[in-house]
Each structure stands twice: as structure tokens, then as C-alpha cells.
């Protein structure tokens, strides 16, 4: 079992001309393989910062990130091996694939970079990965990203993330830019893959409903601080923190009476 | 185009909302930071650096020339006063007994005193005097023509962009073609047609031969008469660039949703065109205007040669041909400083026109 | 948050295509898609014509440019001299044809040098951050602000008889700044795009990120910058030759105009001498502008379709600037009619 420890991480950005901005303030959580954590919060709460720190696109100002007890290496072969274990699926299916390269190229690169399979088997592995995300390899493999739909692109992004056989998957709002009708399909795919591969998934979202559907545990983030943490049902059905309550109140509920709502009308 | 996300300045309590509390966006609306000091400050720093770079290039220019050319120059100006000779040596690098650093410092001390040496070509008059006689002609004609061209081009481009798909679209390739014609050839053609054949305008110069400059109506009339053809050719040649840029920007802006909202609100078309679309489209125009000032200066030199106009462009060419190094250095310096000043003015205008620069100060 | 900008999404084909493997030619064609519209093709054709003339100048020109025929001075166009003769009887047509070579060589060489420098400085300063990036940017801006033509005039006056490649090098060294600035801005915006972040997270080495991930996305900009620099170099060359700063022993259209002007051709209406070289410069300028228009429309599809959309709407009687569209009831079938067709 792989354990990822996010321990007391603080991240402060220096904004040119406007002083400092504290994106994360003493954030701690533990992610284990085989479990999904939902990270919930509005825009600007620090969710993407956590994703960037995990993928080493940013470094924490203070605090530690430990994979199986060892701190994340800064460079060299050790960093490469760490990167192999933790992969990310980005939010925007239109922007996360290079418009100039074919789908085959996108999935080949991590295979070649990490030497996951011998060179002779690369093509077969690419096709296998495409099938795992329920795309037809023959149709898709030679196309460029702009020839695919949003849902298909996101599946390709997932296949690319899985190519190096990681233990942890960070999904940064993977469905918020997709049509509502196909969101469930992609989320169910993620859930199946998580079960089959025994991945630990950090599911970052601002949508409470899918967080509850998909996660074992939920963490609520507000302006860089964790305000609530617990099992999915606990947090959604019995929220303690006022911010969590506001979030829940802001979710559209067809049964709710308008007159009974509070005058603040939510934070969005 | 990304927008700066307004940040809440205080946490929200029940009963208040974002507008009450105030975000960075609303603070700009309430006018708490009008002057974008940080933006202007960084630009000022850049311009100082560029000025230093230009002066240093100027310092090295004559020192790169062949030695015998400079000694010839020294041999030619016998009747120079000792102070003037001193200045010349410092400017042209003839005092080889001093170290390079010492020469550099001497050069700066001469500059700061306003001493640019004496001009061989103009009877040993101080270079500053020669340049200050020529400079107003250039600034007057070229400045006027450029403003006219920019205005017509921008307004025209806005209208053409608004009326896309109409016959006005044909103006774009026409004006672009006129811009790709080499300017000097256009000027020569204009002279051939309008001055030689039709005799509507005089052939060159700023005023009649043998006429003394004075503030009389007749003299001003002559100046306008002589200046019309050069100004006209400048306007025709540069119109295409402004029109094309503005029209392209308009097409991009008109696709934005806020234009549709404005029209759907029932706003009259003229307001949408000018207060909404053109107002936003003109911002990159001002930036490209600032960038093109250097090229406008280049065009001046050509124009003044073709029309024998007594501005600093012609001064530079005459100095180059006569190997009057002090004058060459001086004109280059003045040209560079003028370009810098024009850029600063454009930057200031841009800083005040673009609300985003004001907002990021908050 | 900006809406994702896509140039046109096609939903995936329903039927699987067994021969979907793209051939190399198709891939290459895709790389040059920016040149495939009418404007670019016209421009390329005109440019190609001039390049051919430059290459085959010796074969095409009826005379050597310096052949002097004392009996035929200042002659208007005739069967023997298609573009007439100069003041000492040289054939204008031959001079123009031979002059093409200097223009093309200097234009392309200067642009190649300038574009290479622009790519190096622009992309590197765009990708890095911090003082290295700011320093390169300041260098670029200095070159941008310092007026080019006066500097070239002064520098050129120091050479006695510079060979073509020296002229090209000087023009290139002064003209790279504009392209570098544009490329830096675009690289900075690309750097934050998700697919670059994904490549970094995958552990792609820096040189691969710049060359294989970023450069293809910058191709259109680089092409436009190159074409623009060719135009600027050709205009600078001909202008400097006309002014006389570049010695008149080299052949190009500017020097022909220099001689024509010095011999009073403009005053004496010898249009056959001064019109053709100027028209040639204009023609090449137009060709290069057309190519750039084509690239512009490829990069920004709004430019291409805006006019067409407006005209299509006009045909239907609508104005593209109307905020609301009137609904005409005469086109809507009567409910009773519709029932007849339903089975």
C-alpha cells in the first residue's frame, strides 16, 4: 500500500506589487492507495495549488510532502521515479493536449520516458491503454486532439496519466469542463480504474454532489485552510463548519422552497 | 485575454455581499488609485537604461571608424577654438592618450554641459545650434502628418471593422498596397506628377529659395504650400498600417460577448461602436504606435532627402556624406532622445487609458 | 476564466476508418496549412516568380546590365529594349532583372539571420522567468526603441564597398527585436498552458519541451515574423541604395532608382526608367503582405469569416450589427399542413 502524506504545508506566493498571497495555510491530509479523497472548495481556495505541489510544479514554502515516508526528491533520478508514481489529469480537456501531436504521441511519451514497457511493445501498450479508457484505438490513435470531443479528450488524458502505472492519481476538476450528460460516464470510468488498479485518487472539485458520489473521504478547503474533514457522508449530510453549510445550501435542489432560503444566497 | 480575479478584501459575514465589502475591482471604480505609479515607474527605469545604452553606442560609433578618417577630420578644422577642439577630441575619441574609461567620463561631462561639438559642414557653428534650427521642421511636419494619419487610419479602421462585409472592405487592400510601395518612390512619383507636370506644388524645400523665415502670414502660407506634398505622401504611405491594425482588432473585439450584451440592452449602434468596441480596440493601436515611432523616424530621413526638406533627417544625410562626425553623433543622439520621449508619452497615454493597469495597482 | 478557444471541433467519426493511418504527406500538408488559402497562394506565386527571375537572371536578361549602346540613349520602350534605355544606353530591363538577385538574396538572408536571433532570444526569455528573462527582454526593448535607419546609415557609411552578406548581416542584426518581442509574449502565454505543464510533470527534458512541444505552436508566428522581416529588409535595402549610403556598385532596384533620380528622370518624364523598379519593389511588397494576410487569417479565423458571415446575412436581408433578429411568420408551416405529413 502506498501512502502520500501532505503534512502541515503552507504555500505563500509573492505577487509583484501586491505583497504576499497565502494560498495554503497549514494543510494536512493523508492519501492511501485504494481510497479516494474529495477536495472541495470554491475558486481561489487553494485546490489547484495542492495539485501543483503534488506534481512538483510548485514547491511548498514550509511543510513536507512524503511518499511512503520519504520526502519528495528535488531533482535527478529520484525525482523521476517520484513523478512516475504520481500523475495528474488536468481540468481543461482542450488545453491539456498539444494540438500538434497525435493521440499516439501523447500516450507514447510517458511510456518511452519512463521505460514502462520494452520499446517493441510500446504500440501494443498504447492500444491497450486506449481500450482501458473505453476508446476505440483504431479510430482515435492517429487523430489530433481537435478532432475529438471533450469527453474523448479527457479519456485520452486519463490514459496518458495511467501510462506510467502510477500509484496516485490527482484529478484536478476532471469533469467540470465537460457536458453534464457525459460527466457521470467519465467519473465512473475513474472509479472503475481506481478499483482495478488500486490507485489512490485525489479528486479535486467544486461540485459537492460528485464529490460525495465518488469519494471515500472529503476535505473542505476555504481560503487555503481546511475547515472540515471526514467521511463523505459525514461531511455532506452532517456538516459542522458554517462554510460547508453554505456550500451545501448553494447546491441546486429541485425540492427546496425558495422562501425558506437565507438572504445571502450563496457565495458564488 | 485573462482578467485579474477580484479578491475579497475581507471575509463575508452574513448580511453583506461582495460589493459591500469591496474587492480590488470596486476599489478601482471608486477611484482610490488613479495614477499607476508602479507601471510608470518601471517604464521610467527602462527608458533611463535605454538612454544610457544609446549614449554609450553613440560614444563608440566614431571610435569604430578607421583612424585616418578621423585624423583627416582633425586636419580639416584648423580654425577651431581650444575649447571646441577639446570637445571634439572628447567626442570623437581623438585623445588616445587617455584611458577608455577616462574618455567615456569626459564624453559624459561634455554631454551634460550641452556641448556636442562644432559642425564642420556648417561653418563651425555649435552642433546644438545647427540641430535646434532643423528640429522644429521635422517635428512640425512629421508630427502633424503622423497624427493625421493615425487618426484617419484608426477611425477608418473602426468603421470598416464595424461595417464588415460591405464594400468598404475593399479599402483595406488598397491602403495596404499603398503602404508597401517604397516611400521614397512614392515621394518621387508625387513630385513627378504634382510638381513637375501639374505644377500644383513646389518641388521641394520648406519655403521659397532666398526667403527669410519670419512670422508673417505670407511666410506661413509658403510653409503650408511647400509642406503639403510631403505631408500628403506620409499620410498616404502610413494610412494602411493603422487601418489594417484597427480593423483586425475591431473584428476580434466585436466577437466578444459584452458587445452582444450592449446591443441587446438596446444601446444605440453609434455608442456600441465608439464607446465600447473602438475604445477597447484602440489600446493595442497605441502600443503599436509607440513601437513604430522608430520607423517613423526612419521614414523622415527618406522624406527629407526626396523633398530636400531642411529637417534633421537631411542633416544626418548631409553630415554622413561630408563625414562631419560631430554632427552625425549629435543628430543620432537627438533622434534617439526624441524617440524615447515619444515612447514615454505613448506609454503614459496607454497607462491612463487601460483600466487594467490601474487595477493591478490596487 | 477564459472559454477554451478551439479552432473547430469535429465530433469523432461514428464509423471506424481502417485506413486511418496518416501518410507522411498528409502530416506535412498539415504543417503548411497556414499557406493554403487563396491570399497566401497568390503571394507565394508572385514571390516565386521573382525568385526564379533572380536565379535565372543571366539567361533571362537580353543584355548585360552594363552593356552600353551609345546610339540608343534615353529611349522609350521599343521592340529591342522592352523597357527602354538609360542615359548612357544601358538596357533598363536587363538592369531590373539583374537587380532582382541582390534584392532577393539580401532580403532572405537578413530575414533568416534576424528570425534566428529572434527565436533564440524570444523563446528562451519567454520560457525562463526571473532576471534572465527580464534581462533579455530589456535587451530586446533597447534594440526596438533605438531608431534603426539612422544607425544603419551611420554604420553603413563606415564601409567602403560592403559585400551583400555584410549588408544582410547588418540589417539582420538591427531587425530582430520585433520578432523577439512577439515570440516572447506568445511563449510566456504558452508556458502556462496545461499541455506544457503536463509535459513538465511527465519529466520531459527542457530541450524537448522547447523544440517539440512549443515550437510547432509558434510556427505561424515565426512564419509571419520572417515574412515581415523580408519586407522590411527589402525596403531598407532599396531605400539605402537610393539614398546612396550603400555604394552604387551593387545592383539592386534601389540603385537603379538612384541613377534615374540623379539623371533627372523624374523631372524629364522618363517613366520607363523609374516606374519598373519601383513597381517591382511594390509587387514583392504586395506578395509578402498577401502571404502575411493568409497567415493572419489562419491564426485568427475571425478575420476570415467575419466578412463572409456579414455578407451571407445581408443576402437574407439581415444586418450583422442588429442585436435582435425578426422572426417571419410566413416561413413557418401552418400546423394543419404539418399534420398531413406526419404518418
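In order of appearance the chains are A, B and C, and numbering begins at 1 in each one.
In the analysis below, a residue touches a chain if its C-beta (ideal position, glycine included) is under 8 Å from a C-beta of that chain, and two chains touch if they have at least 3 such contacts.
Everything numeric in this text was worked out from a predicted model, so none of it was measured.
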Of all chains, the one whose CA centroid lies most distant from that of chain B is A
Highest contact count belongs to chain pair B-C
Cα centroid separation, chain B vs chain C, in Å, comes to 24
Note: chain B sits from chain A at a C-alpha centroid distance in Å of 51
For the pair chain A and chain C, the C-alpha centroid-to-centroid distance in angstrom is 44
Note: in the complex, chain B contacts chain C through residues 1-2, 46, 49-50, 53-54, 57, 61, 64-66, 162, 164-166, 169, 176-177, 180-185, 188-189, 191-192, 196-197, 248, 251-252, 254-255, 260, 263-264, 266, 269, 291, 294-295, 297-298, 301-302, 305, 316-317, 320-321, 323, 328, 331-332, 335-336, 339-340, 343
Chain A partner, complex, touching residues on chain C are 4-13, 16-18, 20-22, 193-195, 197-204, 213, 216-217
Contacts from chain C onto chain B in the complex sit at residues 2, 138, 141-142, 144-151, 153-154, 157-158, 178, 231, 235, 238-239, 242-245, 254, 257, 261, 266-267, 269, 274, 277-278, 281-282, 285-286, 288-289, 296, 300, 302-303, 306-311, 313-314, 320-324
Listed in rising order, the residues of chain A that touch chain C in the complex are 55-57, 79-80, 83-84, 87-88, 90-92, 94-102, 109-110, 113-114, 136, 138-143, 146-150, 152, 157, 160, 164, 177
